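Look for chain A in each of the two complexes below; its partner is chain B in the first and chain C in the second.
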Partner chain A sequence: MIRSKILIGLVRFLRKLGSDFIDKVWRLGAGTRLFGLMLISSGESFRRFRLVVREVYFTGVMSLVIISVSAFFVGMVLALQGYNTLQKYGSSEAIGVLVALALVRELGPVVTALLFAGRAGTAITAEIGLMKATEQLAAMEMMAVSPISRVIAPRFWAGVIALPILAALFSMIGILGGYLVAVPLIGVDSGAFWSQMQANVDWQFDILNGVIKSIVFGVACTMIALFEGYDAPPTAEGVSRATTRTVVTSSLVVLALDFVLTSFMIV
Partner chain B sequence: MTQNIVEIDNLSFGYKNRTLHKGISMSFSRGKVVAIMGGSGSGKTTLLRLIGGQFKPTAGEVRVAGQVVHQQNREGIYKLRRKMGMLFQQGALFTDLSVYDNVAFPMRELTDLPESMIHDLVLMKLNAVGLRGAYSLMPTELSGGMARRVALARAIALDPDIMMYDEPFAGLDPISMAVICDLIRTLNDALGITSIVVTHDVEETFSFADYIYFVADGVVAAEGTPEDLRQSTLPFIHQFVHGEKDGPVPFHYPAADYKLDLLG
Partner chain C sequence: MERTTIDLWVGIFVALGVAALLGLAMKVGNLTTSNIGETYMVEAAFENIGGLKPRAPVKSAGVVVGRVEGIRFDTETYEAIVSLNVDKNYRFPADTFANIYTAGLLGEQYIGLEAGGDEEVLKNGDKIAHTQDAVVLEKMISQFLYNKAAEPAEPTTVPAESTKTEDDALTDNPLDDLIN
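Up next, the complex of A and B:
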């Protein structure tokens, strides 16, 4: 009796594991299919670029406050922590390089992508999920207007354009925050702060790699947000779950991709 | 030119584990208002989606203007849809666009008309539904009935040959209901279109429809003019038309024995 119960439990567990796995693979396929369809239907976005510009405003410009404030504090903390360690080795002038490299190579793209997923990604998912729930996408389809070219593609390109710019702004404001802590507050020499940064930050190895990362994160975060919204069950619960999934999946994908990209760039 | 603009021939359709339609045949004559009636969940709205090519039938076919819908490629389906207008149950207005922009949407997306002409056309369409004065409002500022009328103006924006209405009276007050009722008939006759109305409101439908199909259990249970159906002695039609609580459609959802459920 007990053995058969354990056996039934085990079978149920395996069945659940299998169905979850199939579901994940199916979603990956569906997401890739949407990505492909979106790329094919992107012509409209470039012909009527104002559609993309409008979305850049909603995803990019509206995220400016959270990005700027976070960047400022991240930069200040970096300077404080960096100085604390560097002074032990008598190289506190290198604080500028440390702040700049940390921001340009890693924190700028990664933290911007995480904040973007939370601020703009959730908004995209909820908007598209609700458009689906209120039959707006079906109405568009019935008007012979493809929702993929009219709704999905402009938002995708807007995200891909906005995220690298936001990441660049993040790095810039972060460096400014670091400067304010290091130079006026702690008293590191201003000349040393900037000249060391200028001498040791490499255009291709540091800045360009950071830009590549932020473009890849832009593609990943926006596509995840769009797919979750497009695939959400058209109910209140469905949209709320999709919004949560956007943040969770985007965050994990960004961190994993960051590791992969960094290992390619460093090796 | 065939007499029927839309023909449904022996159509079957179902979702994964549920069959909705089992061999339905209907025809919709040009210039007529035809209603499809039936209880909730009988697959009436799905029929509209099948006509619009959003779903593929499992058997049989839907022909619009002589062309089999599900055999068309994407371009072909979009071409057919340009002949159709559809009013969704809750209007489905684009919430980020004003009333004016909602009505202008299909014109801007599907034609190369200059903005000045679009302006005139939008105001004409809005005037036809009595809402020219509301052109600058946002969808959130509209009542249910007004939203439905704006959606109607948007649906007729490109002068379709076929208008499909999905539960146009659901959740409306009697005045808005009468307005929509009147608009369906007037637009049909004035624009010379064919209207397909999916509904379960008996009195309103009987007042304006030329022909009615009753759908039940996945088949056409009855069809005819409103007068024919009022006289019908078929038990289901009688129960539906007279709104009787119990009959062929039972009041209780199938359940285990009541006594057994309560006393265990």
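Up next, the complex of A and C:
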């Protein structure tokens, strides 16, 4: 009696595991299909670029405050922590290199993408999920307007445009924050701060690779947000779950992609 | 095509992004010019500058008095010519020593000026005659190892003792006796 109950429980557990896995694979396939469809039908978003500009405003410009404030503090903390360790080895002048490389290579693109997923990705998911729940997307299709080319594609391209810009701003503001802590506050020589930075930050291998990373993150974050919204069950609960999933999935994908990209870039 | 405020904001946003990228591309460089006012330029020739970089500080007695303006290679003497911008407020005798030092064991390199005793002062375009090269760690280590290998294995303690006596001799300065 007890053994059969345990057996049933085990079978249920395995079934749940299997169905969850199949569901994930199904969603991956559906997301890829949506990505392809979106690429094919994104001609309109370039012919009517105003649609994209409007979305750049909502995803990019509106994220400026959170990006700049967090970049400023991240840079300041980097300088403070870096100085604390570097001065033990008598090389506190290398603080500029540390701050700049950490921001340009890693923290700029990654933290921006994480903040972007939280600030803009959730908004995209909730908006599209609600559009679906209130049958606006269905109404568009009824009027022979493709919701993919009218709603999905402009948001995608806006995200791809906005994220690299935000990441570049993040790095720049972070370096300024690091400078403020290192030079006026701690008293590191300002010439050494900048000259060591200039000598050690490579335009191609550090800055360009950072931009490439942020473009890839932009594609991933925006696509996940769009798909979660497009795929959300048309209920209040469904939309809220989709929003949560956007943040979780985007964060994990960004961190995983970061590792893969870094391993490609460091030769 | 009518304009909206959204267009303006997106324009500002994109311009900011381009500016940030440009700033990064210039390696975050031209934002600060050195906060030294009027300067005069002197040159110094070194056989080896080690890892000295342009914009490195020029210090005298530990105080920053200028910056390295540029470094070039002289094909006639096969020496590195380092040009230094020194603050006008600081005057140095013409026989000043220019040394390349390292901040800490592995830190950045800077130029240290040690004043001589000449009546004449360095002027714009002058050349510092007395220089001392950067210490190249590999050279020192290989020299040390070479000496170690060359000397007989037995009396390893002797040089240490001899330096010690030298140190003692230095601390027991005969001048002290004279003064006392």
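As a working rule, the second predicted complex is superposed on the first by the 267 of 267 C-alpha atoms of A that agree within 3 Å, B and C clash if a C-alpha of one lies under 4 Å from a C-alpha of the other, contacts with A are read in each partner's own complex, and residues count from 1 in each chain.
Just so it is clear, contacts are C-beta pairs under 8 Å (C-beta built on N, C-alpha and C of every residue); 3 or more make two chains touch, one makes a residue touch a chain.
Predicted model only: the values in this text are computed from it and were never measured.
After superposition on chain A, the partners chain B and chain C are accommodated together without colliding.
Once chain A of one complex is fitted onto chain A of the other, the partner contacts of A:A139 are limited to chain B, with no touch recorded for chain C. When chain B and chain C are set side by side, the one touching more residues of chain A is C. In the superposition on chain A, no contact is made by A:K24 with either chain B or chain C. Vertex at the C-alpha centre of chain A, arms toward the centres of chain B and chain C: the angle is 160 degrees, rounded to a multiple of 10. By the touch criterion defined above, A:S195 lies against chain C but remains apart from chain B after alignment on the C-alpha atoms of chain A. Contacts of A:R150 after superposition on the shared chain: chain B is touched, whereas chain C is not. Contacts of A:R15 after superposition: neither chain B nor chain C is touched.
For the pair chain B and chain C, the model built by superposing on chain A gives 10 Å as the shortest CA-CA distance. In the superposition on chain A, no residue of chain A contacts both chain B and chain C. Residue ranges of chain A in contact with chain B, taken from their complex: 130-131, 134-136, 138-139, 141-146, 150. In the complex of the two chains, the chain B residues touching chain A come out as 52, 54, 78-79, 81-82, 84, 86, 88-90, 92-95, 105-106, 109-110, 151.
Per the touch definition, chain A reaches chain C in the complex via residues 53-54, 56-57, 60-61, 64, 89-94, 100, 104, 161-162, 164-166, 168-169, 171-173, 175, 189-192, 194-199, 201, 203, 207, 211.
Contact residues of chain C toward chain A in the complex are 6-7, 9-10, 12-14, 16-18, 20-21, 23-25, 27-29, 31-32, 34-35, 53-57, 64, 67, 103-108, 110.
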